[in-house]
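All chains are identified by letter, namely A, B and C, in their written order; residue positions are counted from 1 within each chain.
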Amino acid sequence: MLDRLSFPQPWLSLILFLTWQFLSDGISGGSLVLGLVLAWGIPQLTQGFWPERPAFMKSWRMPAYLLVVLWDIVIASFSVAKLILSPRKPEPVFVCYPLQLEHPLAISILASTISLTPGTVSADISDDEKMLLIHALDARSDDEVIDAIHTRYEKPLMEMFK
Amino acid sequence: MITIALYASIAMVTLAALLNVYRLIQGPDAPDRVLALDTLYINAIALIILLGITLGTRMYLESALLIAVMGFVSTVATAKYLKRGSVIE
Amino acid sequence: MSPLAEYTISALLIIGGAFTLIGAIGLARLPDFFTRLHGPTKATTLGVGAVMLSSVVYFSSTGQGIGISEILITVFLFLTAPVSANMLAKAAMHIGVKTMDNTRGKPWDQ
C-alpha cells in the first residue's frame, strides 16, 4: 500500500496541484486537500499512457523557444490577415518535410509549433516518422518553407533534445 | 473610451459568429462544418469574456473554461468519427 | 483607472475583435478546406488571446484580483488549437476533400 503513495510524474503533479489552486476560489484547507488528492490520483490513473521520457532534455531552453514562437505567431498573424483581406488568390502548397528529430515528444512539439504559426498546418506524419506533411497557405517554393522551419524551429529543438 | 472599444469589439465578434454560421450552413463537406463549429465555440468564449467585462463581473469565466474543454473534446471526437467511422476503437 | 491601462485595454479589445473577424472572413471566403483551416485556427486563437489579455488588465486595474482563469483558458486554447487542426486535416484527407486548382503537391495517402 505504501509504495502506491508516490508521485511517478512529479512535474505533472505539481502542475495539477497549482492549477487546482488557481481554479478554486481562493486557497483554503479544502482546496489544498483536494488538490493533493488530484495531484496523486491523476498521474496514477494515467501512468499507462505516458510515453518514455527522453533521456536528455534541456528544459531551461524552453522559455526562450516559447518566446520565439509567440513572437512569430503575432508577426505571421498579420501577414495571414493581409492575405485574407487582399483580393488575390493564395497559392497553397503541400510540402513533405524531412524530419531530423527522432524523439516522439520533440516531433509533436515541432508539429504543434508548425500548426500554431499562421501560414502552415502540419497535416500528417508518415508511418516511419521520417516525413511530415505540411500545408502552406501561401508559398513560392517548397524549399522556402522547409528552410524557414528548419532554421527557426527544428534546430533549437535539436539542441534541446540532444 | 473603454465602452466604445467594448461595443466595437462585441460587434466584430458577433459578425464573425454570423460568418461562421454561414460556413456552417454552406460548407460543402463535413470537415468544413466541423471547422465552422470549432471556430464558433472559440468565438462564443470571446463573447462571454466581453460580456464579463461589460457587466464588470468575473463569474462567467467558469462557463468559458467549460466551453473550452467541451468544445475541444467534441471537435476531436467528431474529427475522429469522420476519419474512422467510430469514436472509441 | 490610469489612462495607460485604459488605452491598453481599448487597443487589446479592438485588436482581438479585428483578428476574430478576419479569421471568420477567411473561413467564409477562402476557396477550399485546407486554406480555410488557416484562417480560424490561428487568427481566431490570437484574437481570443488578445481579448483575454484585455480582461486580465481590466480586472487587475479595477482591483478584483489578477485573472489566472483567463490565462488558463488562453493556454488551453493555444495547446488545443494545433491538435484539433491536425485531426480535422487528417479527416479531410481521408474523405478526399477537393483542393484548389492551383495547389502544388498532393496529400499522400497511406
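Brief remarks follow.
To be clear about the criterion, a residue touches a chain if its C-beta (ideal position, glycine included) is under 8 Å from a C-beta of that chain, and two chains touch if they have at least 3 such contacts.
Each chain and its UniProt protein: A = Na+/H+ antiporter subunit E; B = K+/H+ antiporter subunit F; C = Na+/H+ antiporter subunit G.
These figures come from a predicted structure and were not determined experimentally.
If you sketch which chains touch which, the chains link end to end in a single open path, with no loop closing it.
At the centre of the protein atoms shown, by the Cα-centroid criterion, sits C. Between chain B (K+/H+ antiporter subunit F) and chain C (Na+/H+ antiporter subunit G) the centroid-to-centroid distance comes to 10 Å (mean Cα coordinates, whole Å). Look at where the CA atoms of chain A (Na+/H+ antiporter subunit E) average out and do the same for chain B (K+/H+ antiporter subunit F): the two points lie 22 Å apart. If you average the Cα atoms of chain A (Na+/H+ antiporter subunit E) and of chain C (Na+/H+ antiporter subunit G), the two centres end up 16 Å apart. Listed for chain A (Na+/H+ antiporter subunit E) are residues 23, each touching two or more other chains.
The set of chain C (Na+/H+ antiporter subunit G) residues touching two or more other chains comprises 25, 37, 41, 45, 69, 72, 83, 90.
Multi-chain contact residues of chain B (K+/H+ antiporter subunit F), defined as those touching 2 or more other chains: 65.
The part of chain C (Na+/H+ antiporter subunit G) that touches chain A (Na+/H+ antiporter subunit E) in the complex is made up of residues 19, 22, 25-26, 29-32, 34-35, 37-39, 41-43, 45-46, 68-69, 72, 78-79, 81-83, 85-86, 89-90, 93, 99-100, 102-108, 110. By the touch criterion stated above, chain C (Na+/H+ antiporter subunit G) contacts chain B (K+/H+ antiporter subunit F) in their complex at residues 6-7, 9-11, 13-14, 16-18, 20-21, 23-25, 27-28, 33, 36-37, 40-41, 44-45, 47-48, 51-52, 54-55, 58-59, 62, 64-65, 67, 69-70, 72-73, 76-77, 80, 83-84, 87-88, 90-92, 94-95, 97-98. Interface of chain B (K+/H+ antiporter subunit F) with chain C (Na+/H+ antiporter subunit G) (complex): residues 1-2, 4-6, 8-13, 15-17, 19-20, 22-23, 28-32, 34-36, 38-39, 42-43, 45-46, 49-50, 52-53, 56, 58, 61-62, 64-65, 68-69, 72, 75-76, 79-80, 82-83.
Of all residues in chain A (Na+/H+ antiporter subunit E), only 19, 22-23, 73-74, 76-77, 80-81, 84-85, 89-96, 111-119, 121-124, 126-127, 133, 135, 137, 142 touch chain C (Na+/H+ antiporter subunit G) in the complex they form.
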